[in-house]
Amino acid sequence: MRTIASGRHGRADHARRESAQMAFGRTHVGHGAHTTWFFETFVLRPHVSNYRPFDEAFEALFNSYYETIGSPYPRSERGLLSRPAVADVYSYRSHVDAAMLDLIQEGLNPDLNARIRLGIEHEQQHQELLLTDIKHILGSNPLRPTYSAAYRNDSPVKEVIAPTQGWLSCPEGVRQIGQSRIESGNDDFHFDNEGPRHRIYLHEFALASRLVTNGEFREFIEDDGYSRHELWLADGWTEAKQRQWQSPLYWQRTGERWLQYTLDGVRALQDAEPVCHISYYEADAYARWRQCRLPTEAEWEIAASNYEVDGNLVESGALHPLPAKTASTTQFFGDVWEWTASDYAPYPGYRPAAGALGEYNGKFMCNQRVLRGGSCATPRAHLRATYRNFFPPSVRWQFSGLRLARSV
Amino acid sequence: MRTIASGRHGRADHARRESAQMAFGRTHVGHGAHTTWFFETFVLRPHVSNYRPFDEAFEALFNSYYETIGSPYPRSERGLLSRPAVADVYSYRSHVDAAMLDLIQEGLNPDLNARIRLGIEHEQQHQELLLTDIKHILGSNPLRPTYSAAYRNDSPVKEVIAPTQGWLSCPEGVRQIGQSRIESGNDDFHFDNEGPRHRIYLHEFALASRLVTNGEFREFIEDDGYSRHELWLADGWTEAKQRQWQSPLYWQRTGERWLQYTLDGVRALQDAEPVCHISYYEADAYARWRQCRLPTEAEWEIAASNYEVDGNLVESGALHPLPAKTASTTQFFGDVWEWTASDYAPYPGYRPAAGALGEYNGKFMCNQRVLRGGSCATPRAHLRATYRNFFPPSVRWQFSGLRLARSV
Amino acid sequence: MRTIASGRHGRADHARRESAQMAFGRTHVGHGAHTTWFFETFVLRPHVSNYRPFDEAFEALFNSYYETIGSPYPRSERGLLSRPAVADVYSYRSHVDAAMLDLIQEGLNPDLNARIRLGIEHEQQHQELLLTDIKHILGSNPLRPTYSAAYRNDSPVKEVIAPTQGWLSCPEGVRQIGQSRIESGNDDFHFDNEGPRHRIYLHEFALASRLVTNGEFREFIEDDGYSRHELWLADGWTEAKQRQWQSPLYWQRTGERWLQYTLDGVRALQDAEPVCHISYYEADAYARWRQCRLPTEAEWEIAASNYEVDGNLVESGALHPLPAKTASTTQFFGDVWEWTASDYAPYPGYRPAAGALGEYNGKFMCNQRVLRGGSCATPRAHLRATYRNFFPPSVRWQFSGLRLARSV
Amino acid sequence: MRTIASGRHGRADHARRESAQMAFGRTHVGHGAHTTWFFETFVLRPHVSNYRPFDEAFEALFNSYYETIGSPYPRSERGLLSRPAVADVYSYRSHVDAAMLDLIQEGLNPDLNARIRLGIEHEQQHQELLLTDIKHILGSNPLRPTYSAAYRNDSPVKEVIAPTQGWLSCPEGVRQIGQSRIESGNDDFHFDNEGPRHRIYLHEFALASRLVTNGEFREFIEDDGYSRHELWLADGWTEAKQRQWQSPLYWQRTGERWLQYTLDGVRALQDAEPVCHISYYEADAYARWRQCRLPTEAEWEIAASNYEVDGNLVESGALHPLPAKTASTTQFFGDVWEWTASDYAPYPGYRPAAGALGEYNGKFMCNQRVLRGGSCATPRAHLRATYRNFFPPSVRWQFSGLRLARSV
């Protein structure tokens, strides 16, 4: 049970530090209340006979999208919610924590164990979202406030040069990707969408040896990449024109100089850092401009599986993508989520879990693209080579970038 | 200068009490920063040569709509602003307060005196808006939180019966309404839109001796008033269907019983209280259903001028409309703003002030209706029989109700 | 009954000429079917016991907005209607015409007479709308097609100079405007919104002796009138920016030259012609820029009542506003509808007709401005000095212009 | 060159018959002008030195989406286009036809041959769209007009029973799909998106032996399929609720009976016919409800390649899907386009053509699903087992249905 405990305590520590500031109170309240709700709704209510819910109104209020569980509170009106107060949400959390600890001490059957594990993994996902939401809120503020120094105070600002990009190639043939079903009693975890493990046919391909950098992306901008329709998917072109995209999110130009908003505040754009906060459409247009393409998720997984899950993840404290250190730094894990060319679709033989928990992944398998590899805001324990993140192709507020691919 | 001092101190007290809670922090920050901005922008920056602005970025950030003053920050994105923090806004206020006190101690010329007076009246308007915004935010929250007991703790709940409604009639003829220009050196104040004083021709009419009550409005609902298109203006019918209006804002039915959200929380609807939080369209439909009409603003002013500016205003502490006590309680002042049939238009000979201050009233003279009489959230010192409030016909979040009129 | 017969035959002639071309078939079908529907719905169905409706489906299909009469077909989907075919609408018309003639030959009681008269006046309104709709459809087409020469072939293109504008002044005092109730048996007609006749108090004012011209309006454009927010109402400024207004509708600049789309096609802008196809917001901004204002409808009526209802109306065949010929050409009637500063509101003592016919005028008395005087597309027999046209302040596709006013 | 000639004449015949009616004039004008534009823009303008364009304004007007070719006329305003008249579009066509015949008689090089072939295939696509647009326009009309009997007069109305559905299974392994590059001089044709031919890995699967029928889909409706969120993709659920879908498009219930609008008019729903006019979301929800899934496009192609391209295509004249005749009628080709589970994506090694012609397919490869097999409105010569049609998952106005699949 150590994993569970540390996972949850990790969150609690995080929350405690946060409580000193409150500046982003509402964001925090939303994420914190929702992840707490998950434990109450999927563990305590159905499995603890004498459990007394903290507040009946919270069931609908903090339900993000589970249609099975009552009526979710409409997203568009969430901005109006000034209550419950931060302190009430902490009380809610304490109430649920206490009930969870009681339950855990009584001992868990495999189903309960699996549910709690899912709750922890869910909370890890929200830890990342909490950071990207805070960045979005602060970065959209004309005051461009700096994210509190309580978290970090040494920002990596010395100018470096990115190593030359090489190619990692892979021969044609039948391969296997995905995860097998976990044996009962095993401590492993993966989401249902990562399985079943299955055969695919790969054509010969090569992936870039590192991520695309800011400097490389600047070349695309300077070559009028944002104004040349022939480089863009039709939907991307419409989106880019409508939203007047001229650069990645958080970039701003001052005369000849590019600046970038980071969680440390605004600073000069570093050419050697991986480009970040781009949509799928921009990633795709960039790749086309380089006469390359984006990797499929299968290609990515086959290539990345040769490397250890390590890199600039949330534990590094950088909260920002960092330049590749050497020519052999592949950056497969951490820094930025890598857009793949793959539609988010079920693997052959995929079946979602029964009931409300089955709404976790399967029902989103339409109109989204798979991203791979984790980012500088992802907890290491949360990541695997088979991990499938997914977002609609137009979003930019995640730490999202790209790696080039080409057919050989 | 006593008026000025107490006006501003009134605000300061209000703010200090607020600071204990922070729950509605963002609302408070918005109003407090904006009214402070008014003094900085229209008094300190142009008239104090060595004034050092608190933060240059605040000029655009807290500009609500003055096109003359830079680019106002877009309203639709204000919800994203989590900074400046509450404490920063108080520092901003202190900074501006100090500079204002210095300026006042040096002595004021008539122009400066007028600008400061306008700033105070502006702040009084925002004191009312602060309350209605808080009510809207809390009342839209499914938790229906109660507005803090720090403000008030005795709610008027005993059931009473409204006095029978009579009619106050007025003969045909030429009358005068509005305000003459204020003599220099005079302590009087009115907004530019209240003048010039001018003649109008009134036809014989009668106004109801009190406001329409909840009980009377329930009869409209029970007679299917919300479903009978022939009672409604075309625009009102469209609006009511689109927004699915079935009752005034903040009413909710539980079985046979009507409840109402107030700043004290949800409580049983009191039939004797004036109906409140209705749009112009609902007021107009109700009047048509009673085979009456709404008063024009001229009729209202002529009738109300016979009475003292007194009633259930913000100083009563009720923060809610109260039943008329006796048959001679006319309720012309306080309780609810009364929708009039009058388009918000310039009086004959009206000229707005020059420059940015001229944007205060004149440019809104289209697509709005005049409301008269103040509400339970209006400071008494802010009100006059000639006072012209105005809102688009569809809004409901103000303390707005109606009084019947009829032609004779 | 002569009036009735000629009124309807006027329409029939119009239709017959139209039938040669069909180019704007759908527009024509819409207006023609709807005015026919009016006779069927309000005269034949309720008053002719053995009347057999032409097609039951037409009742909802051609109902523009009468909520009392079934469910109007949604406006937003009218563009999808390719049926009934033009020929079917003519059959519908013949069917209704025949039944109407039978009814008329039997003799009419006063109520029926009034209903038929209303139907004829209604059809005259649609004759004007038919022209402005055709102009809008053709003028929005990048091919800028010319309206058929079957109607007219001599366009007034020789350059003239507008006479100098003078002022017509009017002293202060009580006046009367509007129409008295019509005596039974009288052949006169006015819409219900023109009455009752009533007293108003007018302050001394002066109206311009003619309409504002294109040349004068160009000066506003050249003085950056469309870019100076201080000249605009707040709603107008928003609208103008959103729709990117830079000139009246149908104007286009080619280098230094202004062109204008007319029903004769694109031709050089004539400075001496009255400015046309402007919104209320543009009229209001122009007047403010000239340090004048728009007339109220009462001022307009009092001034215009001194002149005969004559001018460049639809019978002139110009289908376009024409320059004032002499300094004494007041242009009160014809050329362009003149925006007034008056909200479209009920006159004191106004009561709409009972039933569905009561939906004709009263329910639109909100968020609209009154226009006076008729245009080059208005039939002379349809117009009076008391006639109140009304449109929302943002519309531009009518022949709408302005006359300056000032307080003295 | 026979293929070319007959292809184009096929279109001309079609147009000639159409000209007798004009009822859907605008639809016809749009498609006819656009396909003509294709020949003018991609063949005549660039390759015939002395070609004189029919009307310069048509270049932008009939450009559907080619960003390379000037500025396409905005789609949202196409409904306003009443010109050019039908007769002008026929003149345009004659003009282009004549120039094309001249060019063909001079002899064609392989590039020109390929461009002309693409133009013909493009026109075949629009022949199908013309029918589905007409159906949509007439079927949205409350009069529910019948498509002209000039086309067809024998509708298949006798009640039949669909054969029992069996399963066609396919073992696991590496397979090949798609088209190889065409040898120069060869008469074959396929779109660029059908290639390159490439290996894929298929898991064991089975496809239903025929299409899902109306009767089977009724069971889904009767089992509350449209109200059970757990059967739907999240985006589909949102769409279905927003548009209030309760059945396939063109179905309507009268008491206990289901009717269906067809090009023959409204008639009783035939249980044995394939279900039609459903979105991807409905197809997916239906399959989930049957505890099955949709086929991938690879599975479909492998299974369908065993059968001849034959079935109820446009040449049958039915213009409506027909019941499977026997248990061995697989319905792979014709009747309805079959939604597949596959995102519309490039095949490994895919490269679009250079220049504007490259905008034909590649740039749409996002947010669309592949449909396979052709419909009752598809010309037989236009279809292949490798043909990839694609539409966004929410559209319903095509003849679109489904076939069940399952993993084994």
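Per-chain residue numbering starts at 1, and chain names A, B, C and D are given in the order in which the chains are listed.
By our rule, a contact is a pair of C-beta atoms (placed from the backbone, for glycine too) under 8 Å apart; a residue touches a chain by one contact, two chains touch by 3 or more.
Predicted, not measured: the structure shown is a model, and the values here were computed from it.
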TODO: Give me the fewest steps it takes to get from chain B to chain D if each step has to go to a chain it touches.
DONE: 2
- [ ] Pick out whichever of the two, B-C or A-B, is joined by more C-beta pairs in contact.
- [x] B-C
- [ ] Compare the CA centroid of chain A with every other chain's and tell me the farthest one.
- [x] C
- [ ] Measure off the straight-line distance from the CA centroid of chain A to the CA centroid of chain B, and report it in whole Å.
- [x] 46
Task: Intercentroid distance (Cα basis), chain C paired with chain B, Å - done: 38
Task: Numbers and ranges of chain B residues touching at least 2 other chains - done: none
TODO: Classify the chain contact graph as line, ring, star, complete or other.
DONE: ring
Task: Contact pairs between chains, per stated definition - done: A-B, A-D, B-C, C-D
Open item on the list: Looking at the complex, which residues from chain D come into contact with chain C?
Closed with: 23-27, 55, 57, 60-61, 73, 77, 79-85, 136-138, 140-143, 145
Task: chain A to chain D touching residues, read off their complex - done: 65, 67-68, 172, 174, 198-201, 203, 229-230, 232-237, 280-281, 284, 293, 341, 343, 345-346, 348-349, 358-359, 363-367, 393, 407
